[in-house]
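Notes follow once the structure below has been shown.
A, B, C and D label the chains in the order they appear, each numbered from 1.
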Amino acid sequence: MNRHILLIKCQDTKGLVFKISSILLLHNLNIEQNNEFVDKAQNIFFMRTEISGEVEREKLLAEIKASLQCESEITLCKQEQKSIVIFATKENHCLGDLLIRHNSSDLNAKILAVISNHNHLESLVNKFEIPYHFIDSENIPREQHEEQIIHLCKTLQPDLLVLAKYMRILSAHFVESFPNQIINIHHSFLPAFIGANPYKQAHARGVKVIGATAHFVNNNLDDGPIICQDTIQINHTYTWQDMQKAGRDVEKAVLAKALNLALEERIFLHNNRTVIF
Amino acid sequence: MNRHILLIKCQDTKGLVFKISSILLLHNLNIEQNNEFVDKAQNIFFMRTEISGEVEREKLLAEIKASLQCESEITLCKQEQKSIVIFATKENHCLGDLLIRHNSSDLNAKILAVISNHNHLESLVNKFEIPYHFIDSENIPREQHEEQIIHLCKTLQPDLLVLAKYMRILSAHFVESFPNQIINIHHSFLPAFIGANPYKQAHARGVKVIGATAHFVNNNLDDGPIICQDTIQINHTYTWQDMQKAGRDVEKAVLAKALNLALEERIFLHNNRTVIF
Amino acid sequence: MNRHILLIKCQDTKGLVFKISSILLLHNLNIEQNNEFVDKAQNIFFMRTEISGEVEREKLLAEIKASLQCESEITLCKQEQKSIVIFATKENHCLGDLLIRHNSSDLNAKILAVISNHNHLESLVNKFEIPYHFIDSENIPREQHEEQIIHLCKTLQPDLLVLAKYMRILSAHFVESFPNQIINIHHSFLPAFIGANPYKQAHARGVKVIGATAHFVNNNLDDGPIICQDTIQINHTYTWQDMQKAGRDVEKAVLAKALNLALEERIFLHNNRTVIF
Amino acid sequence: MNRHILLIKCQDTKGLVFKISSILLLHNLNIEQNNEFVDKAQNIFFMRTEISGEVEREKLLAEIKASLQCESEITLCKQEQKSIVIFATKENHCLGDLLIRHNSSDLNAKILAVISNHNHLESLVNKFEIPYHFIDSENIPREQHEEQIIHLCKTLQPDLLVLAKYMRILSAHFVESFPNQIINIHHSFLPAFIGANPYKQAHARGVKVIGATAHFVNNNLDDGPIICQDTIQINHTYTWQDMQKAGRDVEKAVLAKALNLALEERIFLHNNRTVIF
């Protein structure tokens, strides 16, 4: 059976649910799951609907667009496996977690490749018969390094780029090449401890919780729309290295959760915030 | 502006959202918030809608009922302050928490009375100018004790009976007198540690988490539909008394959360489980 | 039976536990509970010991001091009820929580007074027969306002000043008048969202967790040593007012926990960080 | 530098810390870390000390034993890498998590082998060049199946046997062959949902939290001493399969945490409970 996901974002007006549900009914489509949210402060309507049945794509989209009578963002995509490219540097926990999930089909995505600025993780990735691209950043300008990666990704055409502890800052040019397609895991509960070495910063500040944040990457470092966050309790016995070790479990869990939400088309972006169904 | 909450539970069929939203639109009603859920395993549709506008109550209900073409439970209630009666025994933390919330209008309910089988909490309740009914259970048969309470509650006519650490077991007769109206807080993460002294049981078992469960009361002790649960980490240094003390903070938070959900008509009951919007 | 708490902080050297325990044994004192921690990075030894028996105070302190052969901070205090003054503004949840705990002897402290820059909470405090000092901050210079409070606190002589959502910034002069005696609850997981309206800031940033931080107050706003922190999950449906409401439960729980730790003399301060036994 | 861990469990009496620390000092040993706990209800003293320096093993143990003047359990072990055998059935998440940790040296243990009653995980384990023993349980008596495994483990001589979602119940004979050496992860917050299919049980009961429990295995199924537990919030939208999927992240985190505690010799057993430093 054909299954699709319909995403609608538009100005809120009376009768939207009626309009959309009547079109779906006339198309003889089943609503398998339906979520709506209205941001009252900004008067924006969000709707995510899982539908099953024979979809006449162009006709359906045109009718919905016409019925809304306002500026809108409408997406209709098949429920099918998406493809990703994973970026990593030296730490293996986020990458390894995704590989293990992939190995048991817990991660519903095709991993096209792993890209890294180091060769540390090559043997791990090779075990899983996934292409590993070591693109060295030493002794070449940043622009040139990024261009190699951009070229590779444009060739691979992944749906999402997953930064699984990729420890390099991406330029505005890179980010704009893959709009709303890059997910990063930051090793702090943002907006605390932006930038380098958040666990060292956390230790210096003497915090009693540490955490991790998965977010879409935009032009401002660590400032993109947040998808998931979680924290754990720590205490005075933790050195920053202990925090780093304990934090890894949060990092990998939060990244996997965020990635699954993106793969299932559950995330709307609006004004640097996310609406998640 | 008139605001109502519409609750619908019925067999799931195609077109339900369309049918209901079209009736609401024809009645010129605004959908302020809308939630739906389909229990696929049992094929049951649940919907909670906050509507604003002039409601023609009987007409609206009749039209919805007719359109559903199946057995259904439909409730339409005004968004207005509900009334409660609180039951307590000797511990003051859950009761006190509700009194403080009430004092700052954080609890959107009218507290009609506090009923207790002890007089320990009378002076606390009196501070807040709320009637305190000490109904002694000593030296009288349980049936007679309960009859006094039932009589009082039938007179007061509360929407909900809140057992805020009321340490007596209610008979089937009592429970049936207030169907789906009694909320209890149990001091364990049910179904673990049913019955008396859950913290002693938890200590004996050597658990590393303790918790609390808010649930509707039915005929089987500690077996009613669960509304909210939460847990906290403990360790070997906790005596059962330490667990009891630490657990109080979870108990009062979980009870208040469950009560707020009930006051806002956010809970559906189905087959001893809850659907919560 | 006499019970004391012995707190020792000094440079770490070999044999410290032996030296201290031998002196306690020679004084015929029982060790009821003992905790040690060594900050390896800074080579500092921390020890907290609960002792019972007849304490010859001056002799014991002198012998320990002599045995340590280095700069040290040694405190020996009776295990007895401490006194506090609570500061509040308009919100009742932290204050109310402390009043209810006090009412059932769950809070082992004498509440000498509540001080506020508003009269909103007067009737609540009066219910519990605790003096309420409304010290108006309108139309007078900040220095003069603070002087009135300092004068009052110097008269009352509390062990601790508890800022239970007191919404005014204290001057360096005020803070220095009560060194390491002021505990504040901040409504964010510090160091995120320092300053005014953290929930508005959190909403604008689109975070998925909110939290609260209890800390000692020093000269830099929201920068003092952290005692306790906790967070809760939120989502896109939360307005900043919803966050504020949900956050109150974390705030009051975190403040009460921190206050209990301070009352039990479980907190060491070192370099703007806390060691907590 | 030589590092050892000293574990002492004995009846509590006055002067124990003094006695032990004086012997360590006379042996010219450094205390790197020290933890004590007294179970007041049972009058049992627990102490774990990390020491560095030249250890005269027999002499040290004899002197401590003599000084305690009571029945005691004293263990002195080198701080060195331990060896484990991992048991699994079909699910890869706990096993995979341990393999990835091992791959980056986050797991300080030598994995001697993986034993399974199925061949599903063989290719995964082979990637990491770890011996995989598929010991089929079909068509042979349980005793015979277990004997093969016991024989293999007696040959391999692991310090610990880690049941990483091994879905077979072990006989008393098996358990007694490896006393206090078997760690299991159970997919519920014990003692709730003992036995088969805890997620189905949890769904049927309508709980709002699910969890996992790591425990030592004793003769009574799911009744051994608990090491770690954790829970996560769920809601009515979760089928039991969704719970199972979400639960995997808790299971693997809890098992890894418990295993690390055991590998670092941080766990005391006493009366079916654990003391963990």
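In this text, contacts are C-beta pairs under 8 Å (C-beta built on N, C-alpha and C of every residue); 3 or more make two chains touch, one makes a residue touch a chain.
All values reported here derive from a predicted model rather than from experimental measurement.
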item	value
Those chains which touch chain D and also touch chain B	A, C
Equivalent interface positions on chain A and chain D, same or different at half	same
Chain centre separation (chain A, chain C; CA means) in Å	40
Chain A and chain B: spacing of chain centres that average the CA atoms, whole Å	37
Junction residues of chain B, two or more chains touched	233
Chain C to chain D touching residues, read off their complex	14-15, 17-18, 21-22, 24-25, 30-36, 38, 233
Sites on chain C touched by chain A in the complex	37, 39-41, 189-193, 205-209, 211, 225-231, 233, 235-237, 239, 272-276
Of chain A, residues touching chain D in the complex	91-93, 96-97, 99-101, 103-104, 106, 124, 127-128, 245, 248-249, 253, 256
